[in-house]
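You will see two complexes here that share chain A, one where it goes with chain B and one where it goes with chain C.
And now, the complex of A and B:
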């Protein structure tokens, strides 16, 4: 009886815990706090934070409980992350939710979504230069796309070991869009530029909206076939939304489905974030390079908008270039906020949505290009 | 409980919207009964929900103990959910029992993403309300009186 009791006690978390578990549990609690109390991306940070608690409870090895132990519940659910099932499903929901009409009204603004991807490639080169292997450098660079599912998609393919830190960095920077972007935007623009008013976008016909997902899909996937899972689902979701005749499917994709997948993705990514991969100097490098990537992406969009103004007859407000990072619609809202500080009657939100949603497509294509290069 | 189109149409914020636009908003607005003394927003907390008054009296208190009451149908509480600083600038307390419609900030973001033209229209209207209310919140109204 005494032996049984001792054995039982030695199997409890209290007996198995070490200081690294404690640190990771605290990190999880901080992430939950940021989501709940500060409401930074709560839909993502709360599941990730709780997942970190689940993944860092000290348990007996080979008991079939841990996320990396074959046959465990968490391992089955994590399969959707490691085999790139969840990110495309999230893209299906995003497609079924997103209105591309502002982008179609003025297609030239798509270039801003492409320009912001410079941050990804600059950081990729930077990470290579400081010694990260190419596959990890590519996964770190994609953080600058400010698109969590795309970052997870690429990392699962190239550097699955780093899914945890990269996902936490990507979602944290998405949450910090209102903090990181405004100083960069103000630094790179003059007051006169921030005051530029843009004309109302033209109305986009229903036919254009229905044709777009089909043509867009064909063009993008011929250009970057590796983007097929993400963009295939994105454009399919958008077709469901725009064609109207399958509203029930569109509604499921943009509500229940995306929410269920977000829960599964968030919890398992959190649970996979364990001390041996998170509490390393490499993680500090990932967070620092991720911030750099995000800042460069923002700056690239703004600077490219200024360059476009040299050639455009109808000038664009360069602030909207910052929305070229994905983070839909938070970065468009930040553009609106910064523009309105200069002129409360200037409304940039709708204009900023164009580069913002093209940034989603742009980061998926950037991920596909990196993946293709790494597979050569 | 989601709300009906006629109720939305009767509110100043949505008065200019067409039937199709109101149909998109209706599932996002939820009816809530409020009891006397209930706190809807607390100054300084992250703004996650905004409320539109259907009935009842509400007191809003801002910095330097500046307060005013809202009691008209269509008055809005918690505008910081959709405009800066995204943190409640005042505390709102129900002075009587009442009814409000509420919308979550997350739902408003989804609305912007799914129909940016509609999101833009609502933002413009909210901006008008904020600029009307600003002098009362900052005290500029009192300075103007004297």
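And now, the complex of A and C:
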């Protein structure tokens, strides 16, 4: 009986705990705190944070409990991450949630969404330079797209062992947009530029909104076919929303479906950050490069907006360039916040939505290009 | 391998330059396509309205036949002068058998088919009790054009 008790105690978390588990549990608690108390992307950070707690409870190996052990509950759910099932479904929901009108009203702003993708390719070079192999460098670079599903999508294809750190870095930086972006935006713009008022966008007809997802899908996927799973679902979701006749499907995609997938994705991505896999020098490198990528993406968008102003008759507020990173709608909100600090009557949110949404399309295309190159 | 050496070895610069170029080209094309959608819709609407306008005017034309529609073959026109004199002599309204009989006696050629043509182009129109009259209004209209 004594032996049984000792055996049981030796199998408890208290006996198996490692300092790395403690660190990761603390990180999980901090992430939950950021989501709950600071409300930084709570829909993502709360599931990820709790997933980190689940993944870092010390357990006996080969007991069929861990996320990396085949046959475990978490392993089954994680299948959706490793086999790229969740990211396209999230894109379906985003498509069904997003109104593309501002982008359709002033399509030239889509170029800002392209400019912000410079961050992805610059970081790709940076990651190569510090010794990451090309497939991992590409997965790290995509963090600059500020798009969690896209980052997971590409990493699952190119560097599955890095899904945990890359997904957590991508989602953390998405959540930290209000902290990371404003200093860069202020640094690169003058007060006069931040005060620029943009003209009201024209009204967009219903037919335009219905035609756009079809034209957009065909055009983008003919150019970058590897973007098919992400952009196909994004534009399909948007068609469901705009065509009105399938309101039930659109409602499901933008509510129940995206919520279920977000829960499964968040918890499993969090649980995949097991201390022995996550706490490595590589992860520190990934986080540092992720921050660099994000900063470059923001700066590229702002600088490109300033360059565009040299040629445009109707000037644009360069702050909206920062919304080219595709953290929808967080970075658009940050633009609004920074703009209103200078002039409380200046409303930039709807203008910032155009580069913000085109950033989603741009980062999906960038991911498709990297995937294609790495598969050659 | 680290630094520039690693970038060159993995063709990093090439991938980055081509990659960002494709992203730009895709979004420029999409932006161009998007900027044309509303113009195409406008054009489509205009095409529809002008088509409907033409269709309406065609329908209108069908309801009120133009003078050209009342054109009468030349040989019938020539005969109409002789038939008109005959009808004036007979007095109106007149029975068709009597006109047929008289035109035969006067030696007018093909009286049956000629009278039939007059009825078709409404130069001879029915009056009351099975009698007919000469359509003076139509004749005036034709002569005025």
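The rule is simple: the second predicted complex is superposed on the first by the 376 of 376 C-alpha atoms of A that agree within 3 Å, B and C clash if a C-alpha of one lies under 4 Å from a C-alpha of the other, contacts with A are read in each partner's own complex, and residues count from 1 in each chain.
By our rule, a contact is a pair of C-beta atoms (placed from the backbone, for glycine too) under 8 Å apart; a residue touches a chain by one contact, two chains touch by 3 or more.
Small disclaimer: the values here were computed from a predicted structure and weren't measured.
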First, second, both or neither for A:117, with chain B first and chain C second: second
Touching partner for A:194 - first (chain B), second (chain C), both, neither: neither
Touching partner for A:336 - first (chain B), second (chain C), both, neither: first
Chain B versus chain C as contact partner of A:366, first or second or both or neither: second
Partner contacting more residues of chain A (chain B vs chain C): C
Which superposed partner A:350 touches (first chain B, second chain C, both, neither): first
Parts of chain A lying in touch with chain C, wherever the complex brings them together: 103-104, 107-108, 110-111, 113-114, 117-118, 120-122, 124-125, 128-131, 133-134, 137, 204-205, 207-208, 211-212, 215-216, 219-220, 223-224, 358, 361-362, 365-366, 369-370, 373
Complex interface listing, chain B residues touching chain A: 46, 48, 83-84, 86, 105-106, 109-110, 112-117, 119-120, 123-124, 127, 131
List of chain A residues in touch with chain B within their complex: 37-39, 42-43, 97-99, 101-102, 178, 241, 254, 328-330, 332-333, 336-337, 340, 344-345, 347, 349-350, 353, 357
Residues on chain C engaged by chain A in the complex (per definition of touch): 1-4, 6-7, 10, 12-13, 15-16, 18-20, 22-35, 37-38, 41
